[in-house]
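As written, the chains take the letters A, B, C, D and E, and residue 1 is the first residue of each chain.
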Amino acid sequence: MIPPSPPPMRQAGAIKWLRENLFSGPLNTALSIIGIIIVWLLVQGILPWLSHSVWDAQNLRECRNIIAERFGAGAEGACWAMVRDRWSQFLFGFYPNALYWRATLAFALLFVALAPILFSESLKIRRIILIAAAAIGVLGIIFGHAPVWVVVATWFGAAVWLWAGEFAPTKLLWFTALYPALAYWLLWGGSAWDPIMALAGFLIGYIAWRLLAARSTLVAAIVAVVLAMLWWLYYSGDAARDAEDLISLSIPQVSSRYFGGFLLSTTIGVAAIAMSLPMGIILALARRSDMFLVRALAVTFIEFIRGVPLITLLFVASLLLNYFLPPGTNFDIILRVVIMVTIFAAAYMAEVIRGGLAALPKGQYEAADSLGLDYWKAQRLIILPQALKISIPGIVSTFIGVFKDTTLVVFVGLLDPLKGITDAVRASTDWKGIYWEPYIFVALIFFTFCFAMSRYSMYLERRLKRDNH
Amino acid sequence: MQVSDEVAIQISNMNKWYGTFHVLRDINLTVNRGERIVIAGPSGSGKSTLIRCINRLEDHQSGQIIVDGIELTSDIKNIDKVRSEVGMVFQHFNLFPHLTVLENCTLAPIWVRKVPKREAEERAMHYLSKVKIPEQANKYPGQLSGGQQQRVAIARSLCMEPRIMLFDEPTSALDPEMIKEVLDTMIELAKEGMTMLCVTHEMGFAQAVANRVIFMDQGQIVEQNNPYDFFNNPKSERTKLFLSQILGH
Amino acid sequence: DTLSDVKARGELNCGVNIGLVGFAAPDANGNWSGFDIAVCKAVAAAVLGDASKVKYVPTSGQTRFTALSSGEVDLLARNSTWSFSRDTDLKLDFVAVNYYDGQGFMVRKDLGVTSAKELDGATVCIQTGTTTELNLADYFKANNMTYQPVAIDTNAEGEQQYLAGACDAYTTDASGLAATRAAFADPSNHIILPEIISKEPLAIAVRHGDNNWADIVRWTFYALVAAEEYGVTSANIEELAKSSQNPEVQRLLGTTDDLGKMIGLDKDWSKRAISASGNYGEIFAATIGEQTPIGLARGLNAQWTQGGLMYAPPFR
Amino acid sequence: MATTTEMTEQPSFRLSMLIYDRRYRSMTIQVAVFILVMAGAWWLIDNTIQNLANLGKDFNFDFLWKRAGYDIGFQLIPYNSDDTHFRAMIVGLLNTLLVAILGCIAATAIGVAAGVLRLSNNWLIARLMTVYVEMFRNIPLLLWILVIYAVFTEATPAPNAFRGENPTAHMWFFDSVAFTNRYTAIPTLAMTNDPGNLVLGKESISYATIAFIVALVAAFYIRRAISGWATTVQDATGDRPTTWWMQILVFVVPIVALIWYFGLHLQYPVLKGFNFAGGLNVPNSFFALWLALSLYTGAFIAEIVRAGILAVSRGQTEAAFALGLRPGRTMSLVILPQALRVIIPPLISQYLNLTKNSSLAIAVGYLDLRGTLGGVTLNQTGRELECVTLMMLIYLLLSLIISAGMNLYNNRVKLKER
Amino acid sequence: MQVSDEVAIQISNMNKWYGTFHVLRDINLTVNRGERIVIAGPSGSGKSTLIRCINRLEDHQSGQIIVDGIELTSDIKNIDKVRSEVGMVFQHFNLFPHLTVLENCTLAPIWVRKVPKREAEERAMHYLSKVKIPEQANKYPGQLSGGQQQRVAIARSLCMEPRIMLFDEPTSALDPEMIKEVLDTMIELAKEGMTMLCVTHEMGFAQAVANRVIFMDQGQIVEQNNPYDFFNNPKSERTKLFLSQILGH
């Protein structure tokens, strides 16, 4: 037997690497040179400006003086002092200072809520996410002026969720279900009974469904929906008020107009995605239905929404929605925007999920049928769990898109982080004339979020490809 | 039509079209309880379609199919009833990849039969032992070999305690070594008196367990006979030709 | 009707500018202040008894009237020009002019231009969706000149463009020009041209059809104007309410007649309104007057007795 | 044997069959859904009617024929403030189309280049392209539009910097192009033998333009004929004649002839008063928007192209190599035709996105459809219901046209399978 | 080195590494014109790599490969010449799915050999008849069965009229019924005297047509012999072990 021997050495080290990777042919050499020139120009244009950064100044004039003083007259420099002065507005808009901890906590809890959905497969990732969330929550609470009992409770909560993430990840699903109500309460404040009573509607519907499902699932579903609707329309408000009178669970209320910056973006983005998911599922199922009318309606809806720019839908939210609703109804602009963004995201979501459904082999449907599962059970137990899993990368990219698009709400007068807050900052006498810094700051935050999400979805895609079980 | 209690499946004058293509032509077939029938025939002859009509994965356009005394019409209740009486094993297993083997087996009993979870699991373990893979209960289908997967599929069907089992080429997607595992399981089942309809080209299996072999061609039942006569004294030319091909290979 | 809605809500929804220093702008903590804001506060004080019970709804040039007509805001105090078509076609009611303005131009001193008539061929920055856009077109047409419009979205954007030299002239209401110039690093290098090319009565608007509410807003505003005329200030109002012998002042402050009842409010409504941020003159001085960075002279907005146009109808 | 599809059993109809019989059940559901949707639509419409009545407004489009009264900075067809809102809308729509079409072209070029280069084995270039793609995909488009606009405004001189004895700025390309912080002044074409205009009502078009279009179209067809002929020759003899010079001549000769005939020449922009005149001033808002849209969409297209090329399995390349095909031919005959099938559908939906995203033009004051009809007109007339509806319909129409094109293409190239 | 006209392929002291992994170790092999060689060996032993080196789909790092008198170096012209003399049939066919069967077959003759289209098509039809599927000429590969696809792949290679054919497990991706179709085609070719190198585990084929069987393991040629001796008197232990496995199967 001939033993294996090491490969012949041609050249070694850096020169070989350069030759193979940068200068392996005339075309490659030319490209490399162009690339080096581009990098050089960029660095030359930006580096001096960046290196002349100033972090401590009260206003732009002072900032420029400092730069002139330190780096000589005529030197240009970045004035990050603005970020130091106004970062809270970029993050929270005009949300009351003393309540920052509530927004931060809601944000940290978001990850806990997401953990069982998006990260359930890998213990390692779940750990990282949960620990990060715990850290954000605890830090945000300490620096966000939270009362002591909240700090203690959060420590305790963090311990519980780390423990649950480790040993009983499916239990976290309960938290996921409760999260929307909790987040609503934390962000807007007011009486905790409002979200509790809203949740009670689901409970009522569920009980009704359980009682009737044995007779006919169709009837049960209809009754459940009707009962829940009735509860929400007529009783939940009163019940919440009565309960509040009995035992008060109020925290200070914060009205929508104080929302701004990334708090606003995240609120709109997360709310829209969370709500668009069920809507997208229904639309996708409808679009694949073999009932002509149902399919036609779904197609019309999806294609209409996808055919117009989001900005026109936001116009509808701000200008037209009041025309469409009964005279006298008038509700929060954030809510209206969330509705329109939800509809918009749902149309895209429907297409993503339709892709996932189409990717499932027909055998899965047949096997479900042959076991005697009816349509909805088959969808719920067999089809959707698999289709949704396949669709997660698509769902994540839809989310990235929606998150980026939340910057458009500035056109209906909301204070988005990009233009709304930036314009507000630039309108102030202190920072009038500042240009690049707010954009760079906002861009950096967006990039961090979106890049992390896109990496995550790529990781998922790879994993899905690997374990096709 | 009144069907005697002895009859598991009764198909009379059944016809089916795909669009304008006439796949099944005037099928008449009576299967008694406990009978084990093998269906053979060239590719495209309509074997799968026939099997799939029996638990209404496909609907027929004329004629009658009565399964376990229930006539198959488009009435959903009847369909559900028939499907929970009839188990089906597919060529490509069609296990649910997102559920463990155990969950695959308990799913239908829990949601369709409303069996308590504990009991469903016991039953599942029972049938998994029967197909000789109880130790795989907590794995996912993707972690099993083809033969094991097919046995899980059989166990999954059995967990619904069906009175009739349909097999559609259950071994043809398997590697040669695994075919035997699955056939052994089926022979076991046959011994216990299960009513079985099996589309297969495994002639060894047919000879070992079938009460009757049915030969189909171009959507029709060309010949039916007991295995011995079928293999040794085929009546029609078509059958002879077919047998010469598959046995020669 | 609007009054009972507002009372039931316990909060006044007031449509204001997204950000125009001196007129309406939020500070770092989201507290709004400015000339227009004072009107909102006065109305809130008159109606709800608390000047802080106002929800400020920032509106852009595009969304402001819709916000009003859809009921999103109860009144619009957002430097909006009172014009025929807006009053009629848009179904608004302008109740009173709180600032008489006119459209002007600002240019750099080194451009060497001293009159708007010399702007032929110039590039002009203009905020879209405003009457200024129409005035500009008309003005250049009337004077047989051409120009290149650079449409901008917000005031901040406009300033940026103008300062970068992307336009030769910046046009908007003269008050806005002054406010903008005041905030420049080098105000003296910019001049506001003498021509005022339009009448811009900036008025407070309410929805068409609710006359009672219109009355409340109108007379709340006029109470501020009248207070200045009679020398009632936030400092001396309590004292005057008790001691003033002037029948006009007595009626205004509700010491004698109960005018408030006629508009569905209580006796002290006007007192509260005036106390909120002072009388018209005080508000002007505190927000946009000559002592502020904006540095606007009273000009047309002086009391009629001082040669201006501010003229409150009699309170009786 | 019976060959007709008839039902042998027709059991009498019972009401419960509406729910339990598969055939009727879907009918029942569809009717129910239809009724629900109609009721919803009726509710919305009824509300709208009531609300309109309450506000004393009506729903009509008469305002489109009234005088617009505002000017538009950049226009493709003649327009001034005396024209109607309708014409303003058309100007806006043309502006939208202009930036969308040019954007699609540039985005494709950028995207294909970046996508291919990302696969290159040049380490530096591949990294640079990755950075580009990630930067643009993960930061909102609006920010890119604003930033690029800011770069244009801040990095270029004002027109008066070109003035005087010692100007601080100078023109480019032999004094023909001036980059300023407002616009780029480029030369226009002028003719010494102007053949006049074809006047059609309000619009007019120069005969010279018509002549050029005719010449180009003709040249295009002749070029097709030439390559057809080359293919015929190749089919017959196996050798493909060299035709590139003919193909170029076919275009060059008539164009040169026409240029000579009309006395076509460039008219350079010169500084006059505040601004450049004589040339064409293309505003920076257009360039910024165009560039931002192209770069942003280009990043997405790059990913699509990359995925498309990677989707063609390595075996295809190997098979082609094993047959003796050269890498270039392999690319054009084997890889690209297959990759294109994967690339085109998502590419078209990127075109759709770009078209829709062009509605962000307002951020830099470029008056497109959204800026005219949905901006100034809406605001001056207060007809929000009409304006927004009309605007949405137009965008929808654009989208439908684009996706119809996509479907046509898809059906044509779909791989034949068993 | 001068190579006699009788020698089709001459490999001497050839070594190849993937990174630091030594896949082919000191390969020496001479293939005469008209010889039919079967290469066998366990998975990962370097059979495919060897075959692929011969038409330079992979490059080798040391030693010499001379094909048809042309030495394979990184000279592009030589590579092109060799590739148009050597046909290759892959395990997964690698037909071009966007071209019809006929176009698949005429593509290379037209663009590489510059054969007129008419003539190329005639030639293609000729070889398609030879592999017995002339009637499929205008279908797309996706419309054919696996066996048919592999036969098209063979015809496609033949259309270049190569002097040497390389086959890399041409039947292992096929269903059992289709293997025979393809093997028959290959036997036909062998009869006509084509020089063939074939990686395969079909020992029936090896016995029927091979002049020589080469056994590889761990990147080396362990044994070469005529089929009879190879199967009946394997010399090395490694070969015996391997044979016992595949024949027992």
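In this text, a residue touches a chain if its C-beta (ideal position, glycine included) is under 8 Å from a C-beta of that chain, and two chains touch if they have at least 3 such contacts.
Chain by chain, the UniProt names read as follows: A, D = Amino acid ABC transporter permease; B, E = Amino acid ABC transporter ATP-binding protein.
Please read these numbers as outputs of a predicted model, since none were measured by experiment.
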Checklist entry - Among the other chains, which touch chain B and chain C together? => result A, D
Item to check | Rotation in the CA alignment of chain B with chain E, degrees, nearest 5 | outcome: 160
Checklist entry - Centre of all protein Cα atoms: which chain's centre is nearest to it? => result A
Next on the checklist: If I average the CA coordinates per chain, which chain comes out farthest from chain C?
Outcome noted: E
Next on the checklist: Give me the two chains with the most inter-chain contact pairs.
Outcome noted: A-D
Checklist entry - Taking each chain's centre as the mean position of its Cα atoms, how many Å separate chain A from chain C? => result 40
Checklist entry - Could you state the distance in Å from the CA-based centre of chain C to that of chain D? => result 43
Checklist entry - Just curious, how far off is chain E from chain C if you go by their C-alpha centres, in Å? => result 89
Item to check | Shared-contact residues (touching 2 or more other chains) in chain D | outcome: 154, 362-363, 384
Item to check | Shared interface positions of chain A, touching two or more other chains | outcome: 319, 322-323, 411, 435
Checklist outcome for this item: Residue ranges of chain C touching at least 2 other chains are 66, 157, 160
Checklist entry - Which chain D residues qualify as touching chain A in the complex? => result 19, 26, 29-30, 33-34, 37, 44, 47-48, 50-52, 54, 117, 120-125, 128, 134-135, 137-143, 146-147, 150, 154, 352, 356-357, 359-360, 362-363, 370, 374, 384-385, 388, 391-392, 395-396, 398-400, 403
Item to check | chain A residues within the chain C interface of the complex | outcome: 61, 85-86, 89, 93-94, 97, 255, 257-258, 318-319, 322-323, 328, 330, 333, 411-413, 415, 423-424, 426-429, 432-433, 435
Checklist outcome for this item: The answer for chain D against chain B in the complex is residues 1-3, 5-9, 11, 17, 20-23, 25
Item to check | Touching residues on chain E, where the partner in the complex is chain D | outcome: 55, 57, 80, 83-84, 86-88, 90, 92, 94-98, 107-108, 110-119, 139-140, 142-145, 156-157, 160
Next on the checklist: Show me the residue ranges of chain A that touch chain E in the complex, using the header's touch definition.
Outcome noted: 1-2, 4-8
